[in-house]
Structures are given as C-alpha cells and as structure tokens.
C-alpha cells in the first residue's frame, strides 16, 4: 500500500531547509511558494528518506482567483507519496518554474497545461502548444472559456 | 564506419499504417538512420476534460470509454474509483469482484492487440494480428454478455456495476480461462523462436531503469526496464490484495522485454480471473447512490494499473452535480516521452518496432 | 510442316515435339508470343487469386469468394477497376520518368519468358545462354522501380527505391553463384538442356543451392520477408506510393509476373521442369510452378520482414560465403561424378547443407545495433 | 537530467511549420462552416426512374463493387471495429476488400472511422484529394456523422461532411461490424446504379 505522507510533517522539515517557502500544509497536501518550487523539488528528489524519484502526474486547476498546480509525487524505493501544490495568482501572465529538469516526465504534461490552461513554465526546453494548433484563440480549460462550437 | 549523407526531414503520420491512429512524428533522417524525432500530438484531441466539466458524474462514464478505446473497462474502473473516493461511496463485495474480472479480461484483450500490432509493425503481413483478434473476439463476446456493447461498455457505475452478470457468463468465462493459456503459449512460440523477430526486437530501443523512472513511464514500459512497480501490488485498489499473482519484469528494457512482459501479464491476468471466479460472492452489485450525486467539496486522485500503465483520474468537486476539474493522467502520453531517446540512432524499421512496443492508444494520448 | 500440326491438342497429347517446332521462324515467333502472353496473363490472374485465397486461409479467414464462382472473377474485376481508375502524376514529379517507369519494370519481367521451356523444345527461343539471359534481363526491372521512386517526388518512394537498388545488387551475387552450381551439374546454359539433363531433380543434388536460390529469388521478387521497398508499415507503399490507375496495375502485374518467372525458373533449374511420369509435360510444368508459388506465398503469410541492414547482412555474410563453398564442393563432385553413384551424393550434399548452415549460423551475426549520431 | 539540445535540420524551422499548419487549419475551419452538398443527389431521381445502364457500365460497376480497396484512415475508436470487421470473424476479405492500401492513390473507399478534429481536418482533406477517382466515403460512427458525443467540443468537426462529401452514413458508437457490412452493401448498391459513360 502506498503510504500517503502527511504534508504537515514534511512541511516542518522543509521549513528548516527553505525558510518561508511553505504557504500552507494539511494532512494530504503541501502548498509551496512558486519561487521555491524548483529547489524543493530537487530537495525532495535527492534527499535520502524522501527519494521522490517518480512524478506521477502534473495538472492545473483553475480556481477563478488563482491557478493551482498539483504535483503527485511517488517514491518507488519507499513506496510513499506526496501531493505538492503551487499557486499562481497572476491571471494575465501566469508563470511557474518548470520541473522538467528534475523529472523528465513533466515534459508533455507541462506542455499540455501550457496549451490548455495558458500557464507558462519557465525553463521548459520546448514550450509550445501540444494538442491544439498554433493560432488557436484562448485556453480551453480556463473557466472563462466558452468552448461551444459555433 | 557508417557513411554520412545529407540529412532530410520526413513526416510519419498522421495517416500512416503503423502509427496506431493519428500520431505524427517529425523525423530527421540520415539515410535510414533517425537522427532526430519530434512527436506531434493533438490529432485526436476532443477536449474530453473540458466536456466533462459540463456533465454530471454519471454522464461522464461514457467519456472514459472513449479514452483508451482498447481498454474501456479499465478506464471506467479508474474513473468510478476516483468518484467513489471523492464521495465516499461503498461498493458491494460482488461488484468489486466483477470489476476485477472485467479489468483483467480487458487487460488480456488490450495486450493481445498490443502484441499483434507490434508483430504487424514488424511486417508480418496481418497474420499475427488476425489471430490475436480471433482471441480478442471471445473476450468481446463476454463483455457483450454483461454490457451489450462490443467496444464502449459503459459497464461500471459509481457504487458498483450497472447490472449483474447473466447466468451464461460464468460457464463461458471458465471455458475461456481454460483454453486461453494454450493460445498464449502458441503466440509466445510464434515470436520466441523466430530469428527475424528476435533480431529486430532484442537490444532495440533500450530504456534504462533510471531513465524509465525519470520520464514517469508506467505499465509494461516501466516493468520492461526492470522496475517492479505494479499498482495492483504496491497500492492495491478494489480487491486486488486478495489475489496471488506475480509482477513480470524485464532486464534490459528493450522492445523484446516489453513484449515478454505483456505475454507474461496475460498469464497472470488469467490467474487472477481464476481466483476471482472461485471467490466470487453473491449479493448486490450496486450501492444506491442519489441520481444526481453531489460529492463534498474536495479533490481525489485515484489510479489503477491499466493495460497501458498507470491511469489516474484527478477530480475536483465544488459540491455541485458536475466535476469542477476532471483531469486524466494518461499513461500513453507520458510513456511517449521516451520515444525520442529510445529511437534516435536506430533505423526507420526500428522506430516502428519501438513505437509499437510502447503500445499507445491515441484516444488516451490526446484525450 | 503445315499449320495443322501446330494445334495445341497435338503437342498436348503426344508429349514429344521436334526441337524446331512448330517450324518456320516467323510462325514460331507469332505462336509462342501469343502463347506466352496468354499463359502469363492467365497465370498471373490465377496467382493473384491463389495468393489471396491461400493467405486468407493462413490467416483463418475465407478470402474473396463473392465475385463469380468461388470468387474466381475477383482478379478480373480488380484488373478492370484499376485500369479505369484515374491516373495521377504528382505535381512536382518528373513526368517522363514517371510515365516510363512501369514500362521499364514490366517489359523485362515479360521478357524472361522467352527462354522458359514449357515442355521439351516448346519455348520461344532456345538460347544457348538462356540462364545468363534470365539473370541479365531479370535485374533490368529494378531500373523501372528506381525510376518510379525517383520520378514520384516523394521521400517515401525515394527511400523505397534506394532500398530496391541496394537489395538487387546484394542478392544478385548469391543468386548467380547458386545458378552456376546448377550449370556445373548440367553442363549447359540453355534452360531446355538443363531440364533435359535432370534425370534426378537438381533439388536433391543441390539442396543448398536450391535454398540459396530460393532466398535470393524471394529478395529479388521483393516479397516478404524482403519486401523492404514497399514495406507497408514503414514507408507506406514504397516506390509505387504515387502511382494510381493503370500504371499501378502494371507495377502490380510486373510483381506477379516476376513471381511467375521465378517459380518457372526454379521449376526448370531444380525441379526437373516439365519432366514427370503419367501426366502430360505441360501439366507437370504448371503443377510445379503453382506449388513453388504457393511456397512463396506461404513464406509471405508467416514470416515478418527483415530490417534493411539485416537483409544486407544475410546476403553478404551468410548467403555469399555459403554459396561460394557450395560452388567449390559442387565442382569437386562434378569432377568425381562418373566415379560415384548419385544416391550417396544426394545424402552427402544434404549432410553438407546441414553442417554448413549450422556452422555458419554460429559465426554469423545479423546486422549492427544503434548508430551513434 | 538535462534535455539535450535539439539540432533541427529542417528547411523550415519548427515554429514556421507549426504556424503554417495552424493557418491552414484556421482557413479550412473558416471555409467549412456548412456541410458539403451531396454530389449524388441526381442519383435518387435516377433510381426512381430506374434507367437502364449500358452493358459496359454494368461490367464497370460490377468491377467497382467487387473490388473496393479501403484506404488507411483510422483516427479513433471505430477503427478497431473496422479492423475487427476485416478480421476473421466478420471477414471483409470475402468481398475482396482485404487489400487495405496505405497509399491513398490506389484506394477507392475511405472508411472514416473516428472523430475528426480541426487539427486533423486538413490531413483528411488531403488524403481524400489524393485518392484517384472514382472514390467513395463511408462515414462510420456517430462522431463521423455529426461529432457524436463530442459535438460540443472546441476542437471537434461536427461530421466529416463539412470537409469531404460522404456517400453512406453508418450510425452507431461505434457501429457493430454487421452495421458496417450493411453500410458497405448499401454503397455497393449505390455504385451499381452509377452512370459514368452517359
């Protein structure tokens, strides 16, 4: 059984390493500041005891006021999981650091979020539309997008 | 010393006989050798994630059928598991067993197509895939018995399955489970003793263990690289913790290992089905849920081991009748991350074989 | 000699014909040209039908059975449909090359039949260099394939054409060496003479030569496992990707005519041609040709395709040295021929074949791996 | 792990290609807001009048009916019902249709098995244009007819008949192989009453 690590406990450890990086933490997830995302991701991947070497899924949710990116991490060695979250309050030009350098598996998923949600990933090597074509107006998964065919 | 020629660009797909749908690869070739490759997606992007936000939880089940259309039952299962996790709906024992039986049958059906089309891509002029489809038809018959459909079953429901199995189902299933191993052995012999195929698959398209984990590969691609990671074992959902089965793994991570893993998985699936048939309890098959269910505010991520890999559904609810966010973690898409690394330096024919050995389904890649 | 004597019934029943039959240079030419054309077209139709039915049976299905009795009209209907379909020349293609390519591919395939004996002396021209002529003319068709690939303005077709050229150069050599072994046994280059000298079918005396010839001929025919130049799953349709209508039909026909020619040559070289007990010679010839063709179809229905470098490696590393060894052994046997009875030689040759193949498959490794780029 | 630098050797850069393809898609989208009119409407009247076709046409039409070679056009789910139809149980080879041509030049029939998206529409149009006359199209499945359950989506073309003329519609999601066979039978009926030489 994959053990879901408590976000609160990990938040304590991260707080020592990266002061001021944690916004919020509860039993199931851990919300961090986007400027610390890359450092925390590297830390979680390389620190023995955590070893989160497997990025299951990256996705973004549009909560109207802000975008929330959700990273599902798993450690194959220890068989435990963690949900990492990042918020992005800028609706006009949302930008989040890319984690492709840490987990290659984020490559296509981040491109997909860029395409459908319009969030830019800084440091992504090949950030362009993936499922829609160049010149498509808007980002369909945003809540304000009315995607009915006319 | 290979002779270098002037590189040229060539487009594989979207209408190409062996791209398993409408996949496209922009490749740069040096003679026959691939020196660069960029996958292009989106030719089947139907916007399921957006459409699902406009339908109720139950109405979304048919969408999941059309994701990985070779494994509709597995997709149904993953989705209903996510909604059940979100809303806390209990599932009757009998329904859990039926789900396991269906998911495992679906795995066999999907792997049959995967292996068949891999051989077809290697140029075996339709013969293997036609034999595989012959066996798959028997599974489709079983599914038709329970759901009335041949491809898009829409069988699982939130809190169970749509209907109980008919009386003829179990005898037919028993007959199938009895006969299938000999067919699998036959197909195994077809490949394991064919020099041409061994030469074309062994050592081709190697994906190392570290690479496989780093690109978040899952399913047979991950296990072919030697990582013993099967969600049925490491994070058992439904009633998988009650069955005995092994996780087949490869050693080298080449196309041949991925093929072997699929063949072995079919055998393991049969083992699970046999046990599930023996343990199948009687009783109800569906918990009553409100017609218009309103799950509490929150989010849930449920993942299963689908034939292609880890299929996950991430659902956010805002306490309305429709999901607020409906995200699909598609194994086919993520497994393709490695395609470039695996195929650069190989020949055109290898690219096709490597691509076939990853086994993708375009409905799931593009969604 | 009157025209009456040339009626088919006559030569069909008597079985023996004078070598200059039916007499008269021009009459002979006209009669045999007609016979060859009719025979080739009828057999090709039959072959297409046989192949589709037989492959369908291998794949556990039925095959065409609706058009006419048992679907016998299927190839006829296919031909009519393809012939009246629109003909397209791609916009950027080389029109002249595109037009001439099917002709260049088709005519040499048909020309092979000039020297194929249907029965003793029954052939258009009993050239004393018959088999040399076959080898020479047979490879010219590849020029047409290359023209098709080049003139189509399509990258897939160019890849197909390049593969075709590489393949024909590679497999021509073991093919020639296998033929030379047969020629050593028979002592003549004329196909008619070769058949006449086969008191024992040469497949028994030359089992290894037969295998080498069969594999090389399959490669020359571009049939599975060597259909690299039209590999469906890789380069879509290869050299004829841009061809439609009549020109495509000609390519399609040329492919089957070559298959027919190869079956006929294998029959003549290794299966003692028209010779056989009881049945009339032309029937023996037909039966053997069809059996050989069905064997080719069987291979097609079961074996996957080789990779391009594997195909090259198979020829250069396996077939060529083995064919040379076989030629050497055969020469020694021919020198010693009068001293030894045929049956021990047959057993000896079978043993040599088994040993050589087993030994060589130890040394030999198919193709290379990844290329660093 | 760092992603190695991509060395692209196309004549056009990827960005140019993407932009160009996007423009083509937008153009096609703007141009195909209405269904393509059925080119064979005259046929209904002819069928009613029951005009005799000449003997040459009978032969030609019989040939065309008997050898319909489908082209590879398998976008989505229905493709597998088509492949099953081609396989041993339903066995499309009985009708001489087992030669599935990968090259559109040599094919007669396009079985559009699956959802069509705007991104894919130019390719379908191109494959259709590349087919040599005479050619036919069977729209297989709900998505091919009207967009099916995806018809409300931002990226889905509501039916192939926006892009190419369709001869026979086979409903179902996906249609059963029997239904597809019936559709093929209907197409053969249509072909056998065509007049080309009149």
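The letters A, B, C and D name the chains in turn, as written, and every chain counts its residues from 1.
Here, a residue touches a chain if its C-beta (ideal position, glycine included) is under 8 Å from a C-beta of that chain, and two chains touch if they have at least 3 such contacts.
Predicted, not measured: the structure shown is a model, and the values here were computed from it.
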Give the fewest steps needed to get from subunit A to subunit C, where each step moves from one chain to a chain it touches. 2
Of C-D and A-D, whichever chain pair has more C-beta contact pairs: C-D
Where subunit C and subunit D are represented by their mean Cα positions, the distance between them in whole Å: 37
Suppose each chain is reduced to the average of its Cα coordinates; what separation in Å results between subunit A and subunit D? 41
State, to the nearest whole Å, the distance from the C-alpha centre of subunit B to the C-alpha centre of subunit D. 28
Note: subunit B sits from subunit A at a C-alpha centroid distance in Å of 25
Touching two or more other chains, which residues of subunit A qualify? 104, 107, 129, 131-133, 140, 145, 147
Sequence positions of subunit D contacting 2 or more other chains: 1, 6, 14, 87-88, 102, 119, 152-156
Subunit B touches at least 2 other chains through residues 16-17, 35, 42, 45, 47, 50, 130, 134, 211, 214
Quick one: label the inter-chain contact graph as line, ring, star, complete or other. other
Name the touching chain pairs, please: which are they? A-B, A-D, B-C, B-D, C-D
Per the touch rule, the subunit B residues reaching subunit D in their complex are 7, 9, 14-17, 21-22, 26, 28, 35-36, 38, 42-48, 50-51, 54, 62-63, 66, 69-70, 113, 129-130, 133-134, 136-137, 140, 150-152, 211, 214, 362-363
For a test of understanding, state which residues of subunit B touch subunit C in their complex under the given definition. 2, 8, 10, 16-18, 30, 32-35, 119-127, 130-131, 134, 194-197, 199-200, 203-204, 344-350, 352
Where on subunit A is subunit D touching in the complex? 100-101, 104, 107, 125-126, 128-129, 131-136, 140, 145, 147-149
Subunit A-facing residues of subunit D, complex: 1-3, 6, 14-15, 18-19, 21-23, 25-26, 118-119, 147, 151-156, 158
So, in the complex, the side of subunit C touching subunit B is made of residues 55, 58-61, 155-156, 159, 224-225, 227, 231-236, 300-310, 366-367, 369-373
